[in-house]
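Both complexes shown next keep chain A, but they swap its partner, so chain B is in the first and chain C is in the second.
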Partner chain A sequence: MAITFENVYYQYKNEDKNYSLNDITFDLEGHFFAGVIGETGSGKSTLIQHINALLRPSKGLVKIDDFTVQVQNKKKLKKIKELRKKVGVVFQFPEYQLFEDTVLKDVAFGPKNFNVSKEDAIKKAKKALKMVGIDESYYEKSPFELSGGERRKVAIAGIIAIEPEILVLDEPCAGLDPKSSSEMMELFLNLYNQGLSLIMVSHNMDIVLKYCTKCLVLNRGKLLYNLKPTEFFYNEMYLNTAKINEPNLLYYVKMALKKNYKLDVNNIKDISSFILELKRCKNA
Partner chain B sequence: MLNSPLGKYTTSNSFLHRLDPRFKIFALIILMTSIFLEYASRLMDFTYYGFMFCLILILMKIAHIRIKSLFNMMKPMAFMIVFILIINLCVVKTGNPINIFQLTIYSDAIFNTLYTFLRLLLMLALSLILTSTTKPMDLTYALEWYLHPLKFIKIPVHIIAMIISLALRFIPTLLEETEKIMKAQASRGVDFENGSLKEKMRAIISLIIPLFFSSIQRSLELADAMEVRGYDPNAKRTRYRINRFTRVDLIALPIVLILFSCAFLLMYFKINFYL
Partner chain C sequence: MPNVIEVKNLSYCYDNDEKLILDNISFHIQKGEYVTFIGCNGSGKSTLMKILMGLIEIKKGNIYINNLLLNERNLLEIRKHIGIVFQNPDNQFIGATVKDDIAFGLENMCIKQKDMDPLIEEYAAKVGMIEYLDKEPSSLSGGQKQRVAIADALSMNLDIILLDEATAMLDPKGREEIVSLTHKMQKENENLTILNVTHHMEEAFLSDRIIVLNKGKIVLEGKPKDVFAKGDFLKSIGLDLPFSLKMENALKEAGFLNLLGEK
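Then we have the complex of A and B:
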């Protein structure tokens, strides 16, 4: 699994001279959980829409394994469909994309579009719903009678059921309560451990620090950094240049550092790893 | 595909932008009527259309509207014109017959289509000028003003005006929403461009249902937000901007009236070219 961006520029038609993406070059290889961060309007959503050819670069090219997305590359439809099967995108507030009369049918809609037989689609749908924690009593309900959080889970199951190799998430936790949000993240971690590669846009830096293995930092359409989250977040200068607020955890880590704890920050990803690190220092 | 069919308002401070929207609506109706009048001869008709077209181009220049937007507006018309041409060719059997490849075509069929095309083109161009020089809100206020007399037969004009202005306000939002849902469904493998009729139907359903759902939800939220801020549909409304008939209108009004009178006289007295 490899994603490569080569000097990608993107310009929305009505804007003059302002590039939403400005000379983006990076590659992600192997098995990754990448976080895309940056201020509002820095081009995060534009970037991820290039990964399944919903948008095509104005200049440059995007490669996903052996698929190449280029300027005005009028590829045959079948190929784009293959690409969209490989890369599943969950947009912001995906609960608005539900439309079928039952939950099960809606989740099976995706796989059916990719030429999976009806029975198999239902099977995949049930598996996906089980993963996101929607139990059988919901299968025959209308998606419109569910709560917002449940609808979001169903919508995400709708993408998981397609069984993509890369899952792209645009702020999957926006507007969820902390409990559902951490359940959601555990689900994604679970998928990652099952071999999926993920790309996630997020404004919650603590989540990015905890879960991501890579971190793409955007600012005004330019890619500033492509680093490990620990390398990025524990560097004050990087944070300032990218105008990114530090994760809440950092406040406490800094306090501990001031008290002369010899912490190895590369190991600190969340509260539990922070405590482990503190213990290790105390024992040493 | 997702551009609004009529032009968008473009900010500027041209002569046309400063006109009173009520006057602009009046002028639009008057000029459109003059397009639909029947003049003494075909040559006369086309001369008048040509004159109107030049006038429109000048107005567009004054109002800083790009000619391109007129072409963009005409693109969706192409299909309709071809359709009308075919119908005309089949139905109209007057005028000079012309033989092309064993088919007999009557000249009137072609002229009829040309008439429809030119009239539509001029009409659309005039409305483009109106919509790109007038803010939607001003437009609804002007409409409300024209509907004023209906108040006497107990029609709630100001409520209707509010409904219209809300509807106008939500067109861009709805278009944005449509684009978002289309993208989301496209990543679930829906193809909006190709496929059989049945597949297309399904594609459209997958777009329309979420759109309806979110529109209804949004309108409920909007109603709540309005009530929270004390909106009372029956209260007398005041507004921040008041339309005033100004000097620019005083200059423009006689021009439009003279133009229309000329057109009317041309028709009434069947004035023709005497060659």
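Then we have the complex of A and C:
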């Protein structure tokens, strides 16, 4: 698996001077769970929509394995379906990807659209709904009669059911309650462990620190950093430049470091691994 | 302090479903209070907010807003005093530009044309959107949309503002700014009552009072520190403690008392 952005610029049609993406270049190779972070309006949603050619660069090119997405090359439309089977994108506002009249049909739509038989599509849909915690009592409900969090879960199931190789998620935990949010992250981690690669936009830095293998840091349309989360979050200067708050966890880790605990920050992903690391230092 | 909202024995189910979404709920909100509702997905929070806003008709129970019974006859009068910010801000934009959108709300409040521009600029600046006044709301990023929706509601000089996950798409710095803006406005204006819905326990912690919903029932209610003293119960209904409390509990339990309490 490889995703490459080469000097990608993107300008929305109604904008005359501002580039929402401004000369973005990076590579993601092999097996990854990448976080995309940056303040409001920094270009995260714009960037990820390039990965399945929902948006095409105004300049530059995007490569996903052997697919190339560049300036409005209509010729390639035939292959776009293949690309969209490979790369599944869940939008920031799930409303915009729900349209069938029942939850079950909605989730089955994706696989059916990729030539899976109706029967198998329903099977895949049921499996995906179970994974995101939506039970049978919801199957026949209209997606428009769901609560905000339920709707997001159904939208995520709709993409998982397609069984893409890369799962791209725009704030998948926004609107989920705390338990659903951690279950959803564990589901993503499972998919990652099964070989999927993921790209996730998130405003929750504790989640990015815990789950991501890489983070792409955007600011006003520019890519500032492409680093391991610990390399980024423990660097005060980087945080300030990107105008990003550190994860909540780091306040405590830094306090412990100040008090001379010889912590290995690479082992610290969340509260429980922090406590383990503290115990290790105390016993050493 | 008088009550601005009184809810008595409110029950609700959607037409197409017999499941009770709100199950015999009663509560009071005092004038000037900042009350946060928490509860797992599907627990009935948005349904309750829409009922308070008069967007869904009451079937069982009574609601008084500013001592007026919430019914069709009083709805227009009540709407002059209450506003809502939805989970998805796209559902509420009306204007062709950010500026028009804020202006539309002000027109409804009968603000004079000449007073409008300064107000629009004041509130756009407060939410950090002054550079975007001439943009179409639909061409904004998720967080920018939420900021505009919040400016709409705050600018109208309402007595009651309902915020239904109005900060869900904001980055952490943005959330801090907007949440403290709403608290500041509520402190400065003794007539302003805010009802907030959030999945961020840190945000809930800052309110005067928390009401916890589960399966359409109020299962817990009180000051934040009392509500969050019941960590195990909250976890059992899909909720959690604010990060700092979780960390303090973990440090205490493991005996690292020297790392506590500087925050």
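Of note:
Basically, the second predicted complex is superposed on the first by the 275 of 284 C-alpha atoms of A that agree within 3 Å, B and C clash if a C-alpha of one lies under 4 Å from a C-alpha of the other, contacts with A are read in each partner's own complex, and residues count from 1 in each chain.
FYI, a contact is a pair of C-beta atoms (placed from the backbone, for glycine too) under 8 Å apart; a residue touches a chain by one contact, two chains touch by 3 or more.
What you see is a predicted model, and the numbers here were worked out from it, not measured in a lab.
Once the complexes are laid over each other on chain A, chain B and chain C cannot both fit and instead clash.
Annotation for chain A, partner touching more residues between chain B and chain C: C. Look at A:178: by the touch rule set out above, it reaches chain C but stays clear of chain B.
In the superposition on chain A, contact is made by A:40 with chain C only, not with chain B. Contact with chain C, but none with chain B, is seen for A:248 once the two complexes are overlaid on the shared chain.
Shared-chain residue A:154: touches no atom of chain B or chain C.
Once chain A of one complex is fitted onto chain A of the other, the partner contacts of A:203 are limited to chain C, with no touch recorded for chain B. In the superposition on chain A, A:212 makes contact with neither chain B nor chain C.
The clash between chain C and chain B in the overlaid arrangement falls on one stretch of those listed (21-29, 39-47 or 75-83), that is 75-83.
For chain A in complex with chain C, the residues that touch the partner chain are 12, 14, 38-41, 44-45, 92-93, 95, 141, 145-150, 153, 171, 174-181, 203-206, 243-245, 248-249, 251-252, 255-256, 259, 271-272, 274-275, 278-279. Those residues of chain B that touch chain A in the shared complex are 177, 180-181, 183-191, 193-194, 205-206, 209-210, 213-214.
Within the complex formed with chain B, the residues of chain A that make contact are 49, 52, 54, 77, 81, 84-85, 87-89, 91, 94, 96-99, 109-110, 113-114, 144, 158-159, 162. Those residues of chain C whose C-beta lies close enough to touch chain A in the complex are 14, 16-17, 39-42, 46, 87-88, 90, 136, 139-144, 147, 165, 168-176, 199, 201, 235, 238-240, 243-244, 246-247, 250-251, 254, 256, 258-259, 262-263.
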